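Listed below are the structures to be examined.
Both complexes below contain chain A, partnered by chain B and then by chain C.
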Partner chain A sequence: MRNLTHHLAQRRYAAALVAGTLALGSLTLGARAEAAPTSEGLECLTDAHNTFSLTARDGYVSTPDGNSIYMWGYGPSSGSFQLPGPVLCVTAGTHVRVILHNTLVEPTSIVFPGQSGVTADGKPAQPQLTDTGSMTSLTQSADATGGSVTYEFTAGSPGTYLYESGTDVAKQVQMGLYGALVVRPAGHPAQANDRSDSAFDPDHEYVFLLSEVDPDLHLGVERGDPVDVAHSTARYFMINGRSMPDTLAPNHASWLPNQPYGAMVHIKPYDAQTNPHPALIRYLNAGSVNYPFHPHGSDERVVTQDGSALAGSGGQDLSYLKYDLDVEPGQSLDALMDWRDVEQWDPATNPIPTQLPAIQDQLLVGPDTWFSESGYLGKKGSLPTNITANNECGEYYHVAHSHALQQATNYGATFGGMMTVFRIDPPAGCPTS
Partner chain B sequence: MTEMNRRGPLSRRTLLTGAAGAAGAAVMVGARLTAPSGLGSATGLRPAAAGVHPQKTVHLAGTDGWVSMPQGAPADPPFFPDSLAPAGFDTYVFGFRDVTGLSATQVAAQRGHAQISAPMLSFDEEDDIFITLSNLGLLQRPDLFDGHTLHWHGFVNAIPLFDGVPELSLAVPVGRDFTYFYRPHDAGTYMYHCHFEDVEHVQMGMTGMVFIRPKQNKAPVNGDPVGTKYAYNDGDGSTRYDREFAFMLTELWSAAHYRDAHIQVNDWTDYAASFWLMNGRGYPDTLEPSGNPLVTAAGRLQYQPITSTVTCNAGDRVLLRFSNLGYQNHQMSVDNIDLTVVAKDASLLRGRDGTTNYLVTNGVDIGPGESRDVIFAAPTAGEYLLYDRNYSYLDNGGGPGYGGMMTKIVVHPAGTLGPQTAANA
Partner chain C sequence: MPVTTFTAPSTNLRPRLLLNCGLAVVLALVLGYVLLRPHGPGGSAGAAVPQSTQLESRTGVRFSRVAVVGDGGLVTLSYVVLDAEKASAFQADREHPPRLASEARHGGTQRASIMRAGHQMRAGQTYYFVYENTGGAIESGEQVTISYDGLSLEHVPVL
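This part shows the complex of A and B:
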């Protein structure tokens, strides 16, 4: 089944009605901070003293099929609920302080997998046990409804890391308590790691924080019912807290007030003189199953895994190219990507050796299309007037998605879920963007 | 599935008329324009000179059909066996057929006769490949007007027109055809599948393998004789092989196939595989020889024509190409034989500075959408099992005994078999 709006209108009508009610409710949950301007790519939260104040809150996120999901998330203490937590960007070797405030109805905490020497309120961060030896948390927590705790550590080797709840982890991480920590190499902010061959274009840096949602579990938590995390079934699959097609919207899109981060990669073709550096995508898996992520139209070179540069003991290059990055639970992979106009197709001098069928012999799916009606980069053909053209100036679009294809759906509806698009503009750019 | 009454944009009347007319008559083959010779591109980067790129043409058809899971698999009413299946078959599928060279009438006659796994395709680096895809429609579901596409999975620097994602380019409507063009520059193990409503069409069986042979085959290294075969342009002969066998790994969820045949809807997030297949067959069918879908000799396996039996001589170097277009990870294992992984996702395991990073193992993990190239040296004559180490995938439909993703490596005494004529032969 094809058409999102048609399909959902029929299949999830009841859910949408409920969702509408919930969404209205969520808007009353408190004053919203002034809207940030829209943007593309990685949006770092930085601080001159590397001190970050985060607050664990509850709130709602919306899914493309009209559902509204009760979530927990880390947001800046000066802001409001959001999913996922802000991307904390620091430099290797610097002292980092994260202050967690808890407004949730149960204790919560943050663990920093991949960092060492973490302290909580000045003491070594360590598992918390009851008098009888039962573990209550992987680390010191902030008390329910108003507690706080301060974590400190020295940022480790360059790379990408999760920060996530260390308390009732199967439930609280599923509920949305996760975010990304980016550690940059000292003195080389435009490298993924300490190696010069990990250089990237800092204007084209992206985090793909992958996760999933079982809406029944979230409803149970919202109602205060007991939940069974062992028998959870995910229905929504997300990049940066959004599902396709919401992943294509810019950062801080006004219609996704609690999901501030987009996931569309927007580049131009490689050019040795004018565009020599690749984009960098930082993959992170905050879920409990593998997410085999398949970018179309381009291999990606994995240069860092879990904050460790892929290099031999003698400095040998052990990076590798992949057309599918099977990101494991808790894992991070930093990958360089570009797209090269290898064939240099040109309608006058080097034509594509096939013909585009007449429009009635093409099947264009849906009421809109990203297709330019041309095979040539920077060229546009014409569409029937009843199809909306999303294509601006003949730019190329390639999809990128989980290849466990049930994860590339919104509650089973295809062309959704853990999916985004790589947009490749002509070398001169689009006049409108 | 795409139902007529759910379609918004294009005029239904136009489509219906066009589709009925074309399907009833025959399939048109699209015109091809040959690249002009002697004209460089505007930038002079890559002249499209004729002759440099040998032309290869393939004609594929997409349609539906019926296949057979291994005998003795327990019934799972109402899903398996499917009550609508013709005698000898039990499972509804979508699939591709290779109809290259067939007449228009013969092509049209393949409607309702899909095969799984899709035809294995192989080409040389720098070939100019024209693959025409004809959409023959769905015999069992005339109410649907699903398009089909070809997505060459892993093709680097693709342009959207030939990438087969209908939302970002176009799909082939029922009764029409479309010619895809590829000029691969990088050897390796790839795959292809339909990307129209991908979660459905891939699960229904529109998945196949495609591999690209390296230029090094034409200029052997290391003093190897003319005719030596390599998996990659390795420069040192480390990917030399005598025989190659390719395996498309998939799972099959009986309930979803049943619902597609019976005009019902799937929630794909309920995915729960029933059968685990190598080249479209579960063990022990994996051991049956390859067949031809145009002849009935193979009986219930007529439309699952690709064997997974590995046969070789002691001492042979054997290349195993694994691709996974299921939705689960698979850990392909062999006891008593060391496996050397030389490439992942059609990329030789070698750093940019030339550091070789091959991996010796007895278990190869392949995630959904990934491929692996694995070489082993055949030991002394005997039989060895190749199987998924996830033991819960070694059955057929939850039945007793062994099944699923398993096959044999049959090693003959040195000199028994002559040179291999084709992959999996």
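This part shows the complex of A and C:
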């Protein structure tokens, strides 16, 4: 009897141990990053209670030319420095709480452009003024080296928004204090906005957060020297905190420990039955100048701008196709993108009824090409030996980059900077991917 | 007649309970870490790239990283310029880019493209080639041999 009681007690404590472990585990988890469906897709930070704890930290990022640049950034408080801040994903109409902790040597804050009724530590978020009327911050800030502040708001209309520093804005945003906020339509998480014609494939959702870096300014901040933001000159241009070719690398690439997000679109051709929905690309500009982002090969349909669905007062569809998306400072554009095999060319049953253009017309620049060596999706042909190619299985690569070409360089070295590729696989995919 | 009852734990269970609670906390922390930590493709970022004095003397560059990118479809080969004059000649030799060959399987790639040739290369700066990765010739986590002009650099980790 004693042994049985003892055994049952042990079992009960074992069960309690497991339950306690799971409970503690869930407490430990809190807000968590949801893995992206593709290796470079949108990785959301979500929380059941929409409570996000972010910490402003300093750290370093790598550029493809071997430079290492001092930056500031928002990262999950449970994590470490990263650039850009995590993508916070919430649903329209829900209550959101963002707790900012500050480890930087000066006060900092977060503003949420596009959100209304924001409070800071329970009071209306509003500009901070000195006794003489000089503004010190667009909103209440967290004190240097250990301060914190809690912002709360109700998520507004569906779309994509920046969150960024509201303190010494030109300097702190240049230093990297920015991230993206995605607001999803209530009940329709696979739509860009409240309109049903903004439906997208949730497995192919991407954020392209565009920004720039003046390394001299960053060095000055690192050394504690006075900096002149008004006369800065950007040398690096980034998508999601990376420059080409690092934009092609997967999320959480081991050689980019502080730059966790890739920036490559990877889709298959539209098919009414098997692949009916387009990809969604959420563009944001955290920089100081326009970034004329230009995907080769396909138009994109802009459906939302700054969190407003492009629709007339009577519900008319005002979305538009664009071949060069001018993303202005502080702006966001949500664009649907698909690729349609309109002609259905096939080398056996429906050959291209003309001589293929000379190879130089298929080239990127000089003797380089992403061309598959065949005009047919999923087929590879032969190229002259002096031609080099980037192709795995006959897939298409469409280069996408800022068409302000100095922004497509790494400190002036072509190709680099704000550049990536949109990869289109054959309907059956590539054998190895 | 035996009766099954649940009773309060005897006092000699308490040390074990404390131990178990401690274990639970540790397990929770480990669980949280495992679930939350970034899962970086390519293994350790700190895997050292071997060096070859011969190859560096010939090319004027030091290879610094091989990585599978483009969702598996592309490979980047990064290199640091040691001697700008030799490196310029190396980069301009477009018909003979370095070959990357898997050491685990028959497979490799020699179809390099951008970085664009013609740069005025600077010592200490990193440049890159992007290769096609036909049929997944190179895989993350394995080692490759880089060959150029009869010289080889073995056991280069692929990130």
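One rule holds for everything that comes next: the second predicted complex is superposed on the first by the 365 of 433 C-alpha atoms of A that agree within 3 Å, B and C clash if a C-alpha of one lies under 4 Å from a C-alpha of the other, contacts with A are read in each partner's own complex, and residues count from 1 in each chain.
Convention: contacts are C-beta pairs under 8 Å (C-beta built on N, C-alpha and C of every residue); 3 or more make two chains touch, one makes a residue touch a chain.
Remember, it's a predicted structure, so these values are computed and weren't measured experimentally.
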Practice problem: With the two complexes superposed on chain A, say which partner A:201 touches: chain B (first), chain C (second), both, or neither. | Solution: neither
Quiz item: Is A:64 touching the first partner chain B, the second partner chain C, both, or neither of them?
Solution: second
Exercise. Tell me which partner A:352 touches in the superposition: chain B (first), chain C (second), both or neither.
Key: first
Practice problem: With the two complexes superposed on chain A, say which partner A:222 touches: chain B (first), chain C (second), both, or neither. | Solution: neither
Practice problem: Name the contact category of A:423: first (chain B only), second (chain C only), both, or neither. | Solution: second
Quiz item: So, A:106: does it touch chain B (first), chain C (second), both, or neither?
Solution: neither
Quiz item: Given the touch rule stated above, what does A:414 touch, chain B (first), chain C (second), both, or neither?
Solution: both
Quiz item: When the two structures are overlaid on chain A, which partner does A:306 contact: first (chain B), second (chain C), both, or neither?
Solution: neither
Practice problem: Give one of first, second, both or neither to describe whether A:248 is in contact with chain B, with chain C, with both, or with none. | Solution: second
Quiz item: Which parts of chain A are in contact with chain B and also with chain C?
Solution: 1, 6, 10, 364-367, 369-370, 386, 397, 414-415, 421
Practice problem: Please name which positions on chain B make contact with chain A in the complex. | Solution: 1-3, 6-10, 14-15, 18, 30-36, 39-43, 45-46, 48, 128, 130, 147, 151, 153-163, 165-173, 176, 178-181, 183, 185, 196-200, 202-203, 265-271, 325, 327-329, 344-347, 349, 351-353, 355, 357, 367-370
Quiz prompt | chain C residues touching chain A - in the complex, by the definition given at the top | solution = 2-7, 9-10, 13, 16-17, 20-21, 23-25, 27-29, 31-32, 35-36, 38-45, 64-65, 67, 69-74, 76, 78, 80, 94-95, 97, 111-117, 119, 124-128, 130-136, 159
Practice problem: Can you check the complex and tell me which residues of chain A touch chain B? | Solution: 1-3, 6-7, 10-11, 197, 233-235, 290, 292, 294, 296-299, 312, 316-324, 326, 339-346, 348-357, 360-367, 369-371, 374-375, 377, 384, 386-387, 396-399, 402-406, 408-409, 411-412, 414-415, 421
Quiz prompt | Interfacial residue positions of chain A with respect to chain C in the complex | solution = 1, 4-6, 8-10, 12-13, 17, 20-21, 24-25, 27-29, 32-33, 35, 38-40, 64-66, 78-79, 245, 248-250, 252-255, 257, 260, 264, 266, 364-370, 380, 385-386, 388-393, 395, 397, 413-415, 421, 423, 430-433
